[in-house]
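First the structure, in the form of structure tokens, and then the observations on it.
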Amino acid sequence: MMRHDGRTPQEIRPVRFERGFAAASAGSVLVRSGSTVILVTANLVDQVPPFLEGRGTGWLTAEYAMLPGSTPSRKPRKVDGRCTEIQRLIGRSLRAMVDLERLGPRTLHLDADVIQADGGTRTAAITAACVATADALNKCLGAEEARAILKGRLAAVSVGVVDGVGLLDLDYSEDVRAEVDLNVVRLGPRGLVEVQGTAEGAPFDRRRLEELLDLADQGIDRLMALQLDAVGPGVFPPEE
Amino acid sequence: MMRHDGRTPQEIRPVRFERGFAAASAGSVLVRSGSTVILVTANLVDQVPPFLEGRGTGWLTAEYAMLPGSTPSRKPRKVDGRCTEIQRLIGRSLRAMVDLERLGPRTLHLDADVIQADGGTRTAAITAACVATADALNKCLGAEEARAILKGRLAAVSVGVVDGVGLLDLDYSEDVRAEVDLNVVRLGPRGLVEVQGTAEGAPFDRRRLEELLDLADQGIDRLMALQLDAVGPGVFPPEE
Amino acid sequence: MMRHDGRTPQEIRPVRFERGFAAASAGSVLVRSGSTVILVTANLVDQVPPFLEGRGTGWLTAEYAMLPGSTPSRKPRKVDGRCTEIQRLIGRSLRAMVDLERLGPRTLHLDADVIQADGGTRTAAITAACVATADALNKCLGAEEARAILKGRLAAVSVGVVDGVGLLDLDYSEDVRAEVDLNVVRLGPRGLVEVQGTAEGAPFDRRRLEELLDLADQGIDRLMALQLDAVGPGVFPPEE
Amino acid sequence: MMRHDGRTPQEIRPVRFERGFAAASAGSVLVRSGSTVILVTANLVDQVPPFLEGRGTGWLTAEYAMLPGSTPSRKPRKVDGRCTEIQRLIGRSLRAMVDLERLGPRTLHLDADVIQADGGTRTAAITAACVATADALNKCLGAEEARAILKGRLAAVSVGVVDGVGLLDLDYSEDVRAEVDLNVVRLGPRGLVEVQGTAEGAPFDRRRLEELLDLADQGIDRLMALQLDAVGPGVFPPEE
Amino acid sequence: MMRHDGRTPQEIRPVRFERGFAAASAGSVLVRSGSTVILVTANLVDQVPPFLEGRGTGWLTAEYAMLPGSTPSRKPRKVDGRCTEIQRLIGRSLRAMVDLERLGPRTLHLDADVIQADGGTRTAAITAACVATADALNKCLGAEEARAILKGRLAAVSVGVVDGVGLLDLDYSEDVRAEVDLNVVRLGPRGLVEVQGTAEGAPFDRRRLEELLDLADQGIDRLMALQLDAVGPGVFPPEE
Amino acid sequence: MMRHDGRTPQEIRPVRFERGFAAASAGSVLVRSGSTVILVTANLVDQVPPFLEGRGTGWLTAEYAMLPGSTPSRKPRKVDGRCTEIQRLIGRSLRAMVDLERLGPRTLHLDADVIQADGGTRTAAITAACVATADALNKCLGAEEARAILKGRLAAVSVGVVDGVGLLDLDYSEDVRAEVDLNVVRLGPRGLVEVQGTAEGAPFDRRRLEELLDLADQGIDRLMALQLDAVGPGVFPPEE
């Protein structure tokens, strides 16, 4: 079976990371995943939110927004429920790859701004944020300190069921028709960090969930290889 | 192994549904799950949101709030990110048990207000909302019409890993210590509607996910039996 | 003359106080006055608002809200002008029964959430808040300290004129037809704390005001007796 | 007994009405009551709020604000609880002097902006709004129509108890020391429209309330005479 | 050529300054420029905004609002884009006439509230604010200190092109027809502080700009003479 | 004299326009002016704001925001006063190059999002918006219609005085030290659309204003040449 853009069901879209795109930020990555384009910036500040003051530990938080021109019909600027949900997902996910104790009393701010939206923005943002985070920590704290804080590589992908077939990395035209939508965030080769499956049409059974998780693992393996290409060796701790 | 309140790992808390607690609403259920107490009301209005106008189909939407006195340290009234995430989850879940086409140009409003919070409020709210929805449709549209609109029973439960052990239906004291937190929403005997797993501490692997899904299935089976006791036969369509 | 629910003009609705309904709060009372149902919680925090910092004296503040399902047509969640007015009234009234100097640098937060609205919610909230306040002070500070802080029992009732006849404790169906509406809050046997009379239809004269104040005194006497039944002796200071 | 400004307890402050002060509005009155200075404007629009659409009847609504420079320590611009309470009081009071059915499908907007605050702003605003309303109706609808819509003259005054003595028309220095504060709004010679009494310090008894209402009647009689001087005969219907 | 109100193109409207109109403020000026009426108050507080804390230097900030009754069709109270732009202009302009270092760690708050709007409100507000600022500094800090802080007199005027003719000090009826609109703020005899020219209809060339700047200089000369009449000698430093 | 980056006082920074950067929008331009990087998108919708409904004429509106990562210290997302002022300037300026009558009942939305801020963002946004507007009109309405609507090329530049010397196109390090700041927007070879000069330090005289306007004209000439290179001939009407 061939998808509308020539991909097989098990294939992710072409992905490119452009590091340093917004040079005012300590870390910044423009990620392109097919026609989805997102700018992720990472900045470290010497301050923690009130609930962590005096504890010595750090924090990581994320914001996600779609630029008004990122969709064919202009999208008004506002933080709606979907945005809130996504930025909480990005924050939780990225905190899983950072040792907040070692980070010390600092906050890493991640900002993901969607420049062009064609499906999979939340997972592409997470995958790019992994790179931006590593870059920001390296720039601000040096390579050794950064390596001690980073727990491993983190990547995310969406999978779904369209016309009864499990597909890896849905674009927008596939996403709107999907019966099931599953986002998976993984740390390193096996560590699930977030699994969010939603029945958009009919409910799905356990067997289908297994199949989709298999597909997600394939996609994330591929994305992690591309991250390594982009970042080079020595940034993340070696994996089993 | 015995839990702090005497439960086994595979045991849910005692659950009680008090229907008609807020008699001004078409459907209303006060649910008690251990020390968690939530009021869910359901009201039907002859109107749909703008994006559905003229389409003939209906809508279901949910709001979730914690009353200020529901936690030991008073909780200020405001819709924060967690609230937004939960009310979106409740809405998506409940839409899976309602045939919106058959509902016609009406909106069912669900409101879940937490009176006492001791963990598992989002899943208890969903389980109670299933009953409140059935009651509201019966009252407003009659038994026959309601039965045609309802797709089946819906229930939800949380499972988690504490000290390396998978536990069903975590209360607050367990939840704050959980390494993994998984919420599962199911329609009927096998239909997964939402699967939301989060690594709070260390990531989890596929095998652990399977174990937790098994536990969740046991809990939901038990909750559905209690729903049937509360609602009586003939409200929901028969299940396989 | 007999009212639509069988009461005489001088009769209040049946009232029941359920203490400890929201056990996470230091004080909590579910009050039912006829079909009006309100949850009032009371919580003490070791902090005062900025304008009292460093003065050694305490504060008491109140919030009032109607749950969306508390009225036949769902009521959107928002703090409108009526809400603001009512919560200010509750706060002012309850401050009259508490010795704020003796309370010390603490704030007592009262939250009144209407579960079912059938008229008289502001006065029922005040009458219940008296009990919740006493319970919270007893629980947090002990019986002796609480007794020193409490100035006496506080209760409130509404009276009105319908079809030219003065009626005690109007329910909603009476309230919407009332020509005059008067809310009275009293501390102990004779101490007026708030008198708020409004001409809804035609203005009223001094003689009518006297008649309504007489009715209110009867109603408050009855409510204070019920409060005493609920709380037991020894909580409030003895009255003349 | 003599007050700090030389008044007797039964004396109001000197009052002056400057009509037409904000000539862009249909009605506008700058009222000076001692050092309290308020601008009230009245404007009529051919529209009613949604809840009255299609009913043929009109509406009157009011807003109240303090200019930042109206108090010795600059007051930030915002609608706080006190503002909300006052503007609702002004609106309710003024609606009592207007026949909304005869007004037809129009809304009269009243805006009271305090230029200098020295106590008694809400009552001075109401007394001035009576004049501004009459002026706006005359200008927009003509004298005959205006006379048919106006039910009579409306005026308001505050009374209070300071050091155990009942005083008419408190200024700010008296108001902050008052044990009891009572605002009375009256239509014509005898018609009570609003009676709002609050115990600021100790509660008050029925006898004290009577005394204060007597004082208020004297003050309002005087204010109504001044209104008549300002407006001239023939605007308001003759009183008994 | 004669304008609709009898003025020549080079003539400003009659201007009157009423000082001390809002006596609760340290400085207050009611300015009338033709039918435009604005109240400007000035208040000094012993505090600076966070970005200046610990620097020893002071600040000046301004707010601008139109009262709802200031225009023929009632204007809702809200800070729209135009308001924001104007209050920033007033603040920047007035900061040019004050030596913020000498002011010390204090903030001067200016509030301009439009009572009647007939064009030229932003420039009239600036011209009046110059007087209110001088008055507030004199009252709070004494004449000597005030004179050391004030850099000179500041005045502003609008000029425009209507039907191809350059006009000084446009009123509203001229302003809505203007092809070009230019606001000029000047300190002392020659010091431009703000020049804001906008093509409302067709663009304008350099020659036209010169002509309009000449007109503005004439108007500001006249306004500064009137300021001097109002304030008297010795307040502002002598000019070349 | 040589500037810190090697430019002469009369030299603008290198400018590059990347068209189609956000392909979901009808027009989109990524402009780089030295280290300043801005994305401008243009989208046309078949709707006009309420104040233009039924008039047949069109509208153009703009929003301006800085991405949080666009400055070295992360900038919180919010529309502050500066933003408001800039987006109003962009909107007014661009409306000068579009024949709104010919546009018909449509709104052109411009969104300028700053990716990297190094001074001159408002002027770079305007210069890029000219290109994005032309591209959007061409794409949505065709070349002929677009040419009829466009009145000419529009470009903007900032000039300023640093250490007494007039400089063209200030970058951030120059801008913070500037005594005078002037932004000029021009349509075609001679048509001034906006002239906004501000004295940041000492006031400036008419002679200095002349000198800065000369500099601005040189810069805009250069920018218009670069726009033509980017867009090609035939898009804008020929200029004198």
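A, B, C, D, E and F label the chains in the order they appear, each numbered from 1.
Here is the rule we go by: a residue touches a chain if its C-beta (ideal position, glycine included) is under 8 Å from a C-beta of that chain, and two chains touch if they have at least 3 such contacts.
Everything quoted here is computed from the prediction, not taken from an experiment.
Path length between chain A and chain D in the chain contact graph, taken as the least number of steps between touching chains: 3. Most remote from chain F, judged by the distance between CA-atom centroids, is C.
One rotation lays the C-alpha atoms of chain A on chain E, and its angle is 120 degrees to the nearest 5. Between chain A and chain B, two chains of identical sequence, the interface residue sets overlap for the most part, with shared numbers making up over half of the total.
Centre to centre, using the average C-alpha position, chain B and chain E are separated by 61 Å.
Remark: chain C and chain D have CA centroids separated by 28 Å (rounded to whole angstrom). Remark: chain D and chain E have CA centroids separated by 34 Å (rounded to whole angstrom). Following neighbours round the ring, chain E first and chain F right after, the list reads E, F, A, B, C, D. Residues 81-82, 84-85, 87-88, 92, 96, 182, 186-188, 190-199, 202-206, 209, 213 of chain E are the ones that touch chain F when the two sit in their complex. If you check the complex, the residues on chain D that touch chain E are 21-25, 28, 35, 37, 39, 41-43, 45, 63, 65, 67-74, 77, 109, 111, 113, 115-118.
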